[in-house]
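Heads up, there are several structures right after this.
Look for subunit A in each of the two complexes below; its partner is subunit B in the first and subunit C in the second.
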Partner chain A sequence: MFKAILFTQWKWGRLLLLLATLAGFAIPLLSVQGLTTTYGNFYVVTSLQAFGIAYPLLAGAAGLLLSLSAWTSDHRGRHVYALSLPVARWRYVLMRYQSGLVLLLLPMLGIWLGAILATRFIHIPPGLHPYASSLALRFALSAALAYTAFFAISSGTPRTAGIVLGIAAVLVAIQVLASAAGFDFNLLKPVFDRLFIWPGPFEIFTGRWMLLDV
Partner chain B sequence: MTNAIETKDLTYRPGKSFLLDHLNLRVPTGAIYGFLGPNGAGKTTTIRLVLGLLKPEAGSIAVLGKPVPSRVREVLARTGYVPERPHLHLSLTVEESRRFHRAFYPGWDDPWATEQLRRFGLEPNRLLRQLSKGEMGKLMITLALAQRPELLVLDEPTDGLDPVVRRELLSAMLEYVSERGATVFISSHLVHELERVCDWVGVLDRGRLVSEMPMQDFKNGIKRLVFTSPPHLVDQTPFQILARETLDSGSEVWVVRGWQPDMVTWVLHQEGSLREVQDLDLEEAFVELLSSARGGGAPNVGRPTMAAMA
Partner chain C sequence: MCSTGSTSNARWVLGLGLMLGLPPSVGHAQDVASIRRHIAELEQRKVELIAATDSLQALERARRLESLDSLQVGALRLLAAHPMVGVARRQAATAWASLRATLGDSVAALMHQRRFVLVTEDAEDSTQVDAQGVATLGTVLVIPRNSPENLTAINIIVAVYGELWRSLDPGLRDWLSAPLTPTLDTIAVTSASYLELVTSGSPVSRGCYQGSLADCAGALGLTEPDHPALAWYSAEGRRELVARLSQALSAGADREVFAGCVIQRVDADCVALLQQNERLVPPPLSGGTRASYFLTALKLGGSGALSRLLGSSGEPSMARRLELAAGTSLDAVTTRWRSAVLATRPHPTQLTASTACAGMVWIAGLLLLSFRSSRWR
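Moving on, here comes the complex of A and B:
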């Protein structure tokens, strides 16, 4: 059963998985391009830091798109097929969830291989260390977290997804109106902080995503 | 006689304007049961309740001897289901769809499924979204039958299909039933189609079961009686009057249920003069039955109906 579900999810998400894997492979290589032995540690770290934003963005996008593709076909058929199969609902959902996690290993592998190659291509200045495996692991955890969050939202009814998106849209609209009216008030920042600053659940997306660091 | 499907006082209200009202349905094991009713009568809702896709508000459901929805997984493992609208993953090919479906059914007959798909001319590499309505119907019935189910639930399986495909699908179903002795619960509003294949019939209208009986009784029991002069004591007839119309000539036409030839004697005792007894085909009987039920007649619910015919 799991193999059958994994296959469907692979079929629906293979294009985006391929792109994410290629992007994951390319980002570490691009990040070290042009770095020579003449550069000092500070320049190398700063240069790599500029690419640091690409990893969490890729993790978030991969998690989001894979979670959406996991449910599109079931939503289209109003879940009649899934519900008419002789498997408990919780088990079906779990298998869909697990399939997505397994497939997210592909972009993680892309990043890991790209990071290992990238660190082989350059001379690492003294005092800096490569963190290829840590970077790949962090990517995997972030992608899994994004996938889990969006999977939970997209597995619900369109009404649930509508409520979540509606709340987000209302917050943004209030902020835009408040800014336009000249009020000194930021509604989104506390929400962002709650989500992305420790102990927020998405803290892993922030901070330093470094291929080389001290 | 055991029942493959049995509901007791099944009640469900999907919206403000519709109520499935204390439904007492009994589908005998081994029967081909035609579930008739006009569009919007509640047939699909009933089927979804029976298969545990919806939860009833009141009443009980037992399918293949198991309570639903509490033991629905065991029921679904032994039930083939063809829904009203295609429910399969449309981005898969025919072959992928077969393999996906196979993974969930331990009794799956793969050689049969492969052969049946070949007989139906379904190319393995065709995407499901490229299939015509008829081809999709053939695929769905093949997948349902390859499970080797004890119960086959078909929700308007031939709706919108051309006569050739309709016949192919029904033949595949009948072939399977004759081999395996499975129970079939088939809903439709195409009365003529069910007349040919079913041995039991249940009629649903506006969420109420108007009638349930063997097909032969249903067809034979409803007659149109033409009286030159009608009998007295109309409220004490040994049959049920579904419709009554007085013609300009003073004669009357009655549509009745539960008519037997020996009831002519009763007509004579009541000083009536019966000119003609006409047979109604199933469609006419169906229409008359619905008109009677909607017109505030006395619809008979469940098998006690047959008492009037004894």
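Moving on, here comes the complex of A and C:
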């Protein structure tokens, strides 16, 4: 049954997955373009920092799209397929989850191979070290976290997803209105800090994502 | 507005005075002696009127001073409208802590007899202070209304660095190559130097990273080798330098020599080009890193560092000037600077165990939430 679920999830998300894998392969290679000069390495390191934003963005996007594609068909079919299966709900959810997790290995492999190739083709000055595997591992964990978070939201009723999205929308709307009215307070910053700064759930997305570092 | 009114009043008084000073016999023939006497009288009245104008302006300044509160944080002296005093004091404390961390006690000497006036930008505010009117009271810092609080601290730091840059002589400015970059983040200054040191391909920069104090002095341009291009750069570095300086070098250079260096990679051509233009050969480490060294010397030298540095403009060697400013040997300054730079090594990318564990815990928690979903809608 797992194979069947894995296959159907691959069918639903293969285009997105291939795009994410290609992007993952290309980002490390693009980030080291120009790293051929001996004396400009400082500027290349700072440009690597600029590329660093691409990895967490890709991890978040891959997790989101894969989790949505995992449940779209069930929602559309009013969960009749799930009801007709002779398995417990938790086993069904686990299989859906595991399938997505297996598919997430593709963009992770893309990043890993791209990073290894990128570090092979350039001269790395003494004092700098390549972090291809560490980067790929961090990407995998981030993508898995994003996937799990959105998977949890998608697996619930549309009402649950609506409530979560509604709360986010209300916060943004209050902030926009407050700023327009000239109130000097930032509602989103503390929320953002709680989510993305230790011990927030998405802390792994922040910080330096560097292919080469000291 | 007050200032404009004051100036026009002064002009009016001066004009009236001159008119009153004209003798009734204007238009009639006069002898030379009487004309000279009138000129002397007019000169005297002019002096008296200028003195009166100065008094009026002093009164005006005093009136404005009464509308401002003065405060002192460290050596920073500020004037601010009463509603701004709380913010000004907090931000001045932040700025002072940052300035002490980067410039040490020498900042106190720099601030001697200098004063900042904090002015809000919002013209509709009744407590707003006219920026032009208070310019005579000190350096005016305009703070936009509703701006983040730490913008005030940043403005103060920028103003202090501006004063520092203006106080430097051309020799120091040439060595630093660019104005000092003000920052609240004192670690960032040396952290950037670490990155530069570790990524530079220059043999002297590499030597400095590995612990050679002589190489550090060379990389910072504190020594004057006979042939900088040979002493500071490797063959590949020279080729890249020539390519980088192509516009400046190719103008007077033989095209074949230029192409020989950049395209055919003939090092002798690169050396010849660079030796013809030695003043264009920069020290391997950037102005920002030289600035971090300069600040280390000032900090080591304490309160008299800046005055000793500025008083040594006759010294031909920059290394000697920095020694005098720091009050210690160049090696001691270099050692301190190098230790500070190496201590600010940025954290590498590696995924830490705590971050990975936290991620796994959150994944497990969110997955449990998914299991609670129901197939019955």
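Rule of thumb we're sticking to: the second predicted complex is superposed on the first by the 210 of 214 C-alpha atoms of A that agree within 3 Å, B and C clash if a C-alpha of one lies under 4 Å from a C-alpha of the other, contacts with A are read in each partner's own complex, and residues count from 1 in each chain.
As a convention for this text, a contact is a pair of C-beta atoms (placed from the backbone, for glycine too) under 8 Å apart; a residue touches a chain by one contact, two chains touch by 3 or more.
None of the values given here were measured: they were computed from a predicted structure.
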| item | value |
| --- | --- |
| Subunit C versus subunit B on the shared subunit A, clash or fit after superposition | fit |
| First, second, both or neither for A:47, with subunit B first and subunit C second | neither |
| Superposed model, angle subtended at subunit A by subunit C and subunit B (C-alpha, nearest 10 degrees) | 150 |
| Touched partner set for A:138, first subunit B, second subunit C, both or neither | second |
| Contacts of A:175 with subunit B and subunit C, given as first, second, both or neither | neither |
| Contacts of A:156 with subunit B and subunit C, given as first, second, both or neither | second |
| Subunit A residues touched by each partner, larger count belonging to subunit B or subunit C | C |
| Partner chain in contact with A:98 - subunit B first, subunit C second, else both or neither | neither |
| Touching partner for A:83 - first (subunit B), second (subunit C), both, neither | both |
| CA minimum distance (subunit B, subunit C), superposed complexes, angstrom | 6 |
| Set intersection of subunit A contacts, subunit C complex versus subunit B complex | 78, 83 |
| Complex interface listing, subunit A residues touching subunit C | 37-42, 44-46, 78-79, 82-83, 89-90, 92-94, 97, 125-129, 131, 134-135, 137-138, 141-142, 144-145, 148-149, 151-152, 155-157, 160, 182, 184, 198-199, 201, 203-204, 207-211, 213-214 |
| List of subunit A residues in touch with subunit B within their complex | 1, 3-4, 7-8, 11-12, 73, 76-78, 80-81, 83-88 |
| Parts of subunit C lying in touch with subunit A, wherever the complex brings them together | 146, 194-202, 206, 209, 234, 236-237, 240-241, 244, 284, 286, 345-351, 354-356, 358-360, 362-363, 366-367, 369-371, 373-375, 377 |
| Touching residues (chain side subunit B, partner subunit A) in the complex | 51-53, 73-74, 76-77, 81, 83, 85-92, 96, 99-100, 102-105 |
